[in-house]
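Two complexes come next, and they have one chain in common, chain A, joined by chain B in the first and chain C in the second.
After this line comes the complex of A and B, so read on.
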């Protein structure tokens, strides 16, 4: 055993080296940055250490706006996208003709470029001097008033962002859930049929428990993914997210580093640490819940 | 409940360009299963026995033919309206429910006037659990049970609704050899106690012979023969049935009938009055050989296997379709075998010799004195 230990470490060295240089060191560095007050990137100097960076970030209205946006996004998109994906997957597995075509159609957003999709959404939703946009035309057709979804009221912008996010994250969920559904042994359904189990009861008492591990996997990764949302907002509202009031926490971190108001790695680090704390807490809660609920 | 199957046929559509034609899984299956009997559907894998069971259950709809439970035509009824209980090969116990919930599941499906009050439900569950002796396992999950226990839970779940018919699909194939013996007795006991007409599917003739009131032997979707196990064993109607039943298997020889006598090789081994001169298959049960120093059938002695109660003589003969033939004689007559000789001679018991037509492999009957 002992003799082999050295060899094992040697084999692990390349991977460990990369992990330490590109993962562990930056993590520690971010942590240190977040406590260094008034850090100057050019001169690599700072005034002192303390909690001022956190205090600044937590009092920054832009950050609070970003936190509100992110939480709204998470709370709306994760349940809605998972639920819709579940419905679509169940539908897909109960039809025979055209199933493959539909599977391809539903999977397309996954392989489509985020920014390209953003452009399409702009065409659909944006109100310009020349046109009200496709969606508004439909609204007007039904006698409603046109809304500017890209530059208009907050709820409209939030709606578009959530719509967009749900549309982008759904394909992967559908893929995972259809394969989870397909892996449920057909004998359970046959047994349920012989016993005359109503369809809804088959779904709630057999199908759902059987695929519950996969659903919880999707919920947890969905939460983490939504907390880290950024590119979706950029694709829809451009790079000046603070002005649009649609910034996310990751967007705030980016802006603090490189944006027009950038050059504050300390504030960026503090915000990043706060995001980390939020994601960690939510994931732990998720795991605790899933341990109680997941059946198998 | 008496079950009657009339001209039952099931065709599956062919798939792809290579197999455009329909596949006939079950062909013109007619059979009557008397009330309260345990019937084994027996045959090699792919012979259509599971499809037949699924049609009785209602999971498959027959292409043609009728299924009657008593006088009621259930051919078009869906499974839950037929009043059947089914035990699947892998038991299909819901893994996330414990034993009690699994057994209670079918009762909870009942709606309207059939709905039982909670106390009644619990009473039924515990009665059924008592019947299959799993009362002390009620709070366990299926994965915490052994194969045999899982099977009992599956039987309990099938019985809890008081079905008219109990169906078992290869119920013993997932169990190890020792448990299999024990469990088949168990199934027999439960069936006798409840008196439910039971159909079970198996490819193991031993299993079917030992516990069934009646067996139905299938080959390529066709019912070859049915009857009491001993009757079928003693009087097979075709070479397939003769070969399929019995361990060790029957010995098949190429033979000729000339002048009312059966010839194996050049030796006239048995008078077979009433059969015209022709080529035949002569099948002889292992217990149909009698050691006799001047017996008509001379075989090349290979070895002798002592089994305690009786003795297996392994020998070979040119006319035999398999490399060696196995005959079982009583342990006392072992002394008569001359181990130094390369030859062993037998005479044959007429009741254990069956003749079959060369082409059709159908039975040719001769008068036995």
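After this line comes the complex of A and C, so read on.
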């Protein structure tokens, strides 16, 4: 089969070219950038090498704000969305009529443009001179005070961001969990029925252990996805996220690279590597925990 | 006799409890369905309200008796929405076409051809799947800027082509095609390229279609790369276009026209989804991830 050698490489050539130029080389380059101090984009020169870029980023109040926002977002949205998706999937698999319809509806956010639908959320939550916005009217109906969720206090903005993020990530989680539930061997349930096991016990002793690998998969990908949040925030608060105080780590990277505050690929690289380090650490912790929990 | 009555009573009781449970479940599911659907309803509703009547409503009404299409006219005439749509179409078709050719060839090499270093190379491919795009985007931005490809379709499309995951998906599918077909084709003197085109692709059509649809969704919604690489509005894609509209399009107050633009942008993908519903959901549950 040796004569296939040349031909095989020919088939692989286009893919390899794309991957080397746009993935492998940039991956090496980003580390080089992050150590080049005082890199000037126009003249492509730099003063020296060292850790200054990292220390600059770590002392930048905008970066610290972005880290705080991102961590809050992760800590709130991952457990809430996973738990909610679990409840919905269990509900879905317990009904027969209308199940297809519900599944189709639940999947809709997946195929929508995040930026476009974000505008709808902005309108629903925003308070302007003309109208308090629908959400605020509901709050007032229950005797609360109207808050501007888009341009108001920090907790309100954080709430909308979390709400929208959950709305966006739910379709994937519901889909994965419903197919996981459908693949649980029905014999276990039949055996439990014969023994007259209460429903809650069936859920905690059969269903949960059987689908726990999928739950951990969702938690891990959920963490990774939430750490990379960016376009949801842009959709709600506009491109100037630093001014809104709602920037995320990824947003910080892009702002450093381009736009009004841009032109600093070294700082952007340092921030991106810090993000990657955080994500890698959290993923490793997750994997360790899940290995202990899943292998019962 | 008494025992039987008891039994019937018990059964009726559990039946009733089952009914109550069913109702609670349906109620819960409907609440979430409402949360999902409401933004869509609201955007369509707002897009058919006239500018005057929308701004006159302090308490927005949940329906309108005099729907108007004026906002849609505005969306196409006041801002270059048609241009954004065309750009996105070119970008989506270009990226998806190049991606599917490149990925199919690579997947065929991994699945069917023998060569030295195959396993090592495939492992390297797989490890590339873990590289977050945020890390490589910085250098790609510098590369494309230095090549003077900003505000060109080449600059938009080329870095978006690579996707290791789809190569992996196609390779797995290609490997399921029985070896006998390949040997028979070889005996007949069929070339590899012809075999790929005439046998492999028709057999694996479902997977290829799934990959194409997933890539189309990804392209239509892509925001970050187009934003970095285009600052000339005549090259904006819909995501950047809608952001531009929001920031200085109709003026901040013309929300109905803005919503009309949002509807126009959302409709193509929703139609695509409703047509290929099963395929998309099966493909996504096999490992698609948004973003």
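We take it that the second predicted complex is superposed on the first by the 277 of 296 C-alpha atoms of A that agree within 3 Å, B and C clash if a C-alpha of one lies under 4 Å from a C-alpha of the other, contacts with A are read in each partner's own complex, and residues count from 1 in each chain.
Basically, contacts are C-beta pairs under 8 Å (C-beta built on N, C-alpha and C of every residue); 3 or more make two chains touch, one makes a residue touch a chain.
Predicted model, so just to flag it, every value in this text is computed and none were measured.
Visitor: Judging by the criteria at the top, classify the pair chain B and chain C on chain A as clash or fit.
Guide: fit
Visitor: Does chain B (first) or chain C (second) touch A:242, or do both, or does neither?
Guide: Once the two structures are laid over each other on A, A:242 reaches no partner at all.
Visitor: Is A:185 touching the first partner chain B, the second partner chain C, both, or neither of them?
Guide: So A:185 only meets chain B here.
Visitor: May I ask you to decide whether A:193 touches chain B, chain C, both, or neither, giving the answer as first, second, both or neither?
Guide: first
Visitor: Once the shared chain is lined up, is A:210 touching chain B (first), chain C (second), both, or neither of them?
Guide: First partner only, chain B.
Visitor: According to the contact criterion defined above, which of chain B and chain C contacts more residues of chain A?
Guide: Counting residues of chain A touched by each partner, the higher count goes to C.
Visitor: Using the touch definition from the top, say if A:201 reaches chain B (first), chain C (second), both or neither.
Guide: Touch partner of A:201: chain B, not chain C.
Visitor: So if I take every C-alpha atom in chain B and every one in chain C after superposing, what is the smallest distance between them in Å?
Guide: 6
Visitor: Per the definitions at the top, what is the overlap between the chain A residues touching chain B and those touching chain C?
Guide: Comparing the two interfaces on chain A, one with chain B and one with chain C, no residues are shared.
Visitor: Tell me, which parts of chain A touch chain B in their complex?
Guide: Of all residues in chain A, those touching chain B are 185, 187-188, 190-191, 193-198, 201, 205-206, 209-210, 295-296.
Visitor: Which positions of chain A touch chain C when the two form their complex?
Guide: Per the stated touch rule, the residues are 1-2, 4-5, 7-9, 11-12, 14-16, 18-19, 21-27, 29-30, 33, 41, 84, 87-88, 91-92, 94-95, 98, 102-117, 119-121, 123-124, 130-132, 134, 137, 167-170, 172, 175-176, 179, 221, 224-225, 228, 230-231, 234, 238-239, 250, 253-254, 257-258, 265, 268-269, 272-273, 275-276, 279.
Visitor: In the complex formed with chain A, which residues of chain C make contact?
Guide: Contacts found on chain C: 22, 25-26, 28-29, 32-33, 35-37, 39-40, 42-43, 46, 55, 57-60, 101-103, 105-106, 108-110, 113-116, 118, 121, 125, 128, 131-132, 134-143, 158-159, 161-162, 164, 167, 192, 217, 220-221, 223-224, 227-228, 238-239, 242-243, 246-247, 253, 255, 258-259, 261-262, 265-266, 269-270, 272-274, 277, 280-281, 284-285, 288-291.
Visitor: What residues of chain B sit close enough to touch chain A in their complex?
Guide: Chain B residues touching chain A: 57-59, 78-81, 84-86, 88-90, 92, 94-96, 105-106, 109-111, 157, 161.
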